[in-house]
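Structures for review follow.
Paired with chain B in one complex and with chain C in the other, chain A is shared by the two complexes that follow.
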Partner chain A sequence: MFGFADPLGLILLPLALLPLVVHGQSAVAYSSIALLPVDRLSDALNWILRLLAAISVIAIVLGISGLFRSEESVARIGQGAQTVILLDSSGSMDTPFVIGNEKNSRVPKWGTYTSKGQIARRLLAQYAAQRTQDMFALFLFSGNPIPVLSLTEKQVVVQAAIAAGSIERSLASTDLGTGLIRSLEFFDGKAFTGSRIVMLVSDGAATLTIPVQDQIKRLLKKHRVTLYWFYLRTESSPGLDTEMATATAQQIAPEQLVHKFFSEMELPYRAFPAENPQALQQAIAEVNKLQNLPIRYTDIVPKRDLSPWCFGIALSLLLMLASTKFCELQEWH
Partner chain B sequence: MSGRRNVQIALLLLAAALLAATFARPTLQLPRQTFRYVMVFDITQSMNVMDVSAAGSTRLEYAKKTALDALSEMPCGTEFGLALFTGHRAFLLITPIEICANYRELSTMLSSIDWRMTWEARSEVAKGLYKSLELLKALPGQTRLVFLTDGHEAPPLNPDVPPQFAGDKGAIRGLLVGVGGALPVPIPKLDEEGAVQGVWKSDEVMHIDSFRAEKNAREGKLALNSGTEHLSSLRETYLQGLADNTGLTYHRLTETAGLSRELKSAALAIPKITTTDVRGMLALAALLALVASLVKGPLTRGRLPLAGGSQAFPPLSGK
Partner chain C sequence: MKLTEVHYKVPWRAAGNFPGHHASRQKGGGAQFRNHAPLLDAPDPRRFDVHASLRDPFEQLQFRVYRQTSAIPIYVVADLSASMNFVGANAKMSVVADLVACMSYSAYRTGDRFGFIGCADPHSEPVWLESTMNRAAGIDLARQLRTRPPQGSNSEGLLKAAELLGTRRALVFLVSDFHFDPTLLDEILVSLAYYDVVPVMVWDRHEYAQLPRFGIVRVMDHETGRNRLLLMRPSLRQRIEREFDSRRERLAEIFRQHGRLPLVLEDGFDADEVTHYFFG
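Now for the complex of A and B:
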């Protein structure tokens, strides 16, 4: 498909008729033109020259109007994935990591430290920047799920969406279940082109009811999604794998039950507990390695400016016209 | 005669030279007016009232649609970011991105803004506005604010201690856009699916601020459960006051053209040195030279020496 960057320039197009009206050739005084024989060659030459002039006008006008070939999607085989980043935006993500934030006072003052949420967003931004062939979506969950960005391959947009949440504080509460279910909707109606990932970045503390668990399991299976959980441990949590009775876990570490449910789904899942920025970075690097299987993906061939071709064609035609001018007779004896 | 031919050749060569120059990809550094906005949408429940000029449309839907239409009319190079307001703050969804290259993503994001994204069932407009101005200040570069709201404070403000604006008046410029009708109307209650489940009743909302309500309760006074706070209208005078305090421009949303005009106003433009492609100008000059060379030849008045075709007399001799 073709298009014009400045379609307004096309109003100059009627100028192409000018060479057909005006011959632009030197006239020679002659007593009676009717006396001359019809010369088919001269007639042809005349019209060829006019046509060339008309074509050069058209070419220049198309160039001025910015003729381009639209971007095209081409199916390629490469490395890439469809990744939904599901980011916890609850207030706890505003706290510093368990380990790794230096100089934090007992009550950290916002703005004087880098929060878990900010570190996570920075590392995710780096991850996205490395994976230019992937499509990314961003979904936040707090009290209510906030679908921010549906799957796109545009890095600028992905980076802007990831960066946006780092500027101010996070929101209030957490509803992991609804967030996870709604984020899987991003895969609805999207062609399955290879690996699909949900990157859950959260510091836990959520309970999933049985119906919610069933729905999560069903959707993960339906959309063939691999779930990665980057678990950013809060200071008070014993972690994901401590030996603990279910009742106790319910009380003090609900994330253990969530982890248990994910592990027992018999679906691709892996948890990456991270207590500090380095651990999170390693975890993300590991996913980067895991997700290097070849997949079919759609590459966008960017739109191509064709105006240089237009100007090039016009240029060569003009040189031809100029050189024929040299051959024009000035006088006829 | 020969002079005319030389002029024609000179013009053709000039045109050719100008076209050849386009291949050097010449650019000019020109000062240009650009625009960069963050649009903050009020997604509180009062925005679900259907009292806007578009029939069957809620305030929020109307604000979204008008904003998207106005955004589409901005020149390429304009940047837009999106944010939500509810509770007492704004939450940034995306930092400003260029509208033409990213139109599909921006329009999808804008269209999917929904009252269900709310994180707090309060609507503290003044605080939300002040917080939005702080947020924009924290963004790198100059950014203008577009805050779309009906100005409905819920719970109501304590008139003795209204929220104070601590920032610099006029430090962040932009628009405070009022959405809604002038007459107070009931606020619909919506369920999770967005279906209307009745309206908010007088005894279900707070009619005075929490501070005085608690004071009354301590003093054993009866809770005040009558008033007009369960009804909502565009609080225009209030918003104009907020705009004056913060140095924003108040604009009442009535049509796309009005908003579009405000967004394109020179007062909100951000001067920027941009690199402009001048190939088009060179090519235009080449076109003029080519046209001039054509007209420089004799016009088609009378017969053309080489035109051939019909002739008054048959040729004396053929080939």
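Now for the complex of A and C:
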């Protein structure tokens, strides 16, 4: 749809009739036009010139009136997925990896090392940059879930969202359940157009109560979401696969129970335990390979000011008219 | 302008009894023998013819009768429609003015009377100089014609020119560019059939020859007020030339049917060219 920023300018539009009535050329006196042979090309040129002049007047008037194309939604088909990045921003993410840190320091003092969160954000940013046709949403969670970015395929926004918040001072608690539930709500009311992924980047240390588990299961099923868990193991944590009794796990490794719950949901789920940045990178690369299916989505093309185009068209037409003016003969012989 | 005399003759006998330069039907003091007559019919004893009197079986005295030469009226009937406004190598109106001045002078020199009728649309008053022996009349008229651009929107006034030409057969120079409908031309020539009409085509080479090779030009017709855009290019140039060539042939054909071929003045007025038309 088109609109005008300044519709009052349109009252100048009748001026476009002017070139059709007045030729605006200096005429050379001739004895008898009737004697000159009929020439189709000349007659056509006459009307073409008048029409060009009329169009250029219209273009100028439209430019003055500020023609714009209002925002519109366009259906597009891309290769990729709808990905919700669910990023743990609890305090433990500010600690370094177990091994393979770029800058090791004995005392984990902020600024002397690259934290798990920072590495995760960097790698996620790379992942997002590779998949230009994917739609991304970003969700942070620690004590309370923070929706950062709803699903969009605009790279600039995605990159900015991922880069933001890469500082220390995270909160202590980790409420994985609420975060997951809230992030799944991103898909509410959206058409299922391709594969859906929740990329959970977390280092665990969270428990899920039975009602929360039920709700997560229900939502994952409802929205047909594949869950990937990038598990960034904290130092001295037993990891996801160490065998131990449930009671012990509840005490020292609650993430084992969470993993167990996810695995037994009978829904698409995969965990990628990552002890170091390289492992995380491999995990992300694997997801990159797994999720490459066609996706249909509607894109919102923003409002666009068309007046420069109008003026451009008018200018080029006027240049053409000016060049014909140079070909004009002032005398007849 | 230096006035050059134009010599002209007409292939018919003048009827007027005013002595002049042209062969006449009138008896009188000329050099051309007409017939013999008895003294009572031709009472001039100086013309007594001894041989004819001796030859006559009825033994009557025979006297010679001669033909006099008479004057004829000369008229210039000019088209004053706006198309005559065209200025090319020469202004058409200055060619008309030159012709008027020259013919007026030549008529005076030959002993003929000179008149002028300038017509445009049928509703406007014609520019009319009554047939006169005044030798300055044509000069004044020529000055007027040079300074007053013609405004007429058509040439139909020429149809009424015959009404002003008088009862004597005259030598009429019909001056125009003839840029009008050939049927109108035919009607005009029919209306002037009683007179000896010399069509003078005032054309200008710049109208149809030596046109620009390339360019855009908007031409304006002062007669109709219409204008037209032309994209000049060699092919159009050729077509215009061909158009005028065929028009010239067509006009010549119409004039020929009415008794005389046209006198074409394309390069301004030249008195010798006019003389050449009559004696060439």
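Everything below uses one rule, namely that the second predicted complex is superposed on the first by the 218 of 333 C-alpha atoms of A that agree within 3 Å, B and C clash if a C-alpha of one lies under 4 Å from a C-alpha of the other, contacts with A are read in each partner's own complex, and residues count from 1 in each chain.
What we mean here is this: a contact is a pair of C-beta atoms (placed from the backbone, for glycine too) under 8 Å apart; a residue touches a chain by one contact, two chains touch by 3 or more.
If you're wondering where the values come from, they're calculated on a predicted model, not measured in any experiment.
Within the superposed three-chain model, A:L17 lies out of touch with both chain B and chain C [touch as defined at top].
Once the two complexes are overlaid on the shared chain, A:I77 sits clear of chain B and of chain C alike. Contact comparison for chain A: of chain B and chain C, B touches the greater number of residues. Contacts of A:G9 after superposition: chain B is touched, whereas chain C is not reached.
When both complexes are overlaid on chain A, the residue A:A322 reaches chain B alone and has no touch with chain C. Of the two partner chains placed by the overlay, only chain B lies in contact with A:T152; chain C stays clear of it. In the superposed pair of complexes, A:L35 makes contact with chain B and with chain C alike. With both structures placed on the common chain, the touch criterion links A:V61 to chain B but leaves chain C unconnected. Chain A residues 23, 25-28, 30, 33-37, 39, 42-43, 45-46, 328 lie at the interface with chain B in one structure and with chain C in the other. Remark: chain A residues 6, 9, 12, 15, 18-19, 21-28, 30, 33-40, 42-43, 45-46, 53, 56-57, 60-61, 63-64, 66, 142-150, 152, 154, 156-157, 160-161, 163-165, 167-168, 171-173, 307-308, 311-312, 314-315, 318-319, 321-322, 325-326, 328, 330-331 touch chain B in the complex.
Considering their complex, residues 1-2, 4-5, 8-9, 12-13, 15-16, 19-20, 22-23, 81, 84, 89-98, 101-102, 104-105, 108-109, 112, 116-120, 131, 135, 138-139, 279-280, 283-284, 286-287, 290-291, 293-300, 303-309, 311-313, 315-319 of chain B touch chain A.
Residues 83-88, 92, 177, 179-180, 204, 206-207, 210-212, 214-224, 226-232, 236, 239-240, 243-244, 247 of chain C touch chain A in their complex.
Note for the complex: chain A touches chain C at residues 23, 25-37, 39, 41-43, 45-46, 49, 324, 327-329, 332-333.
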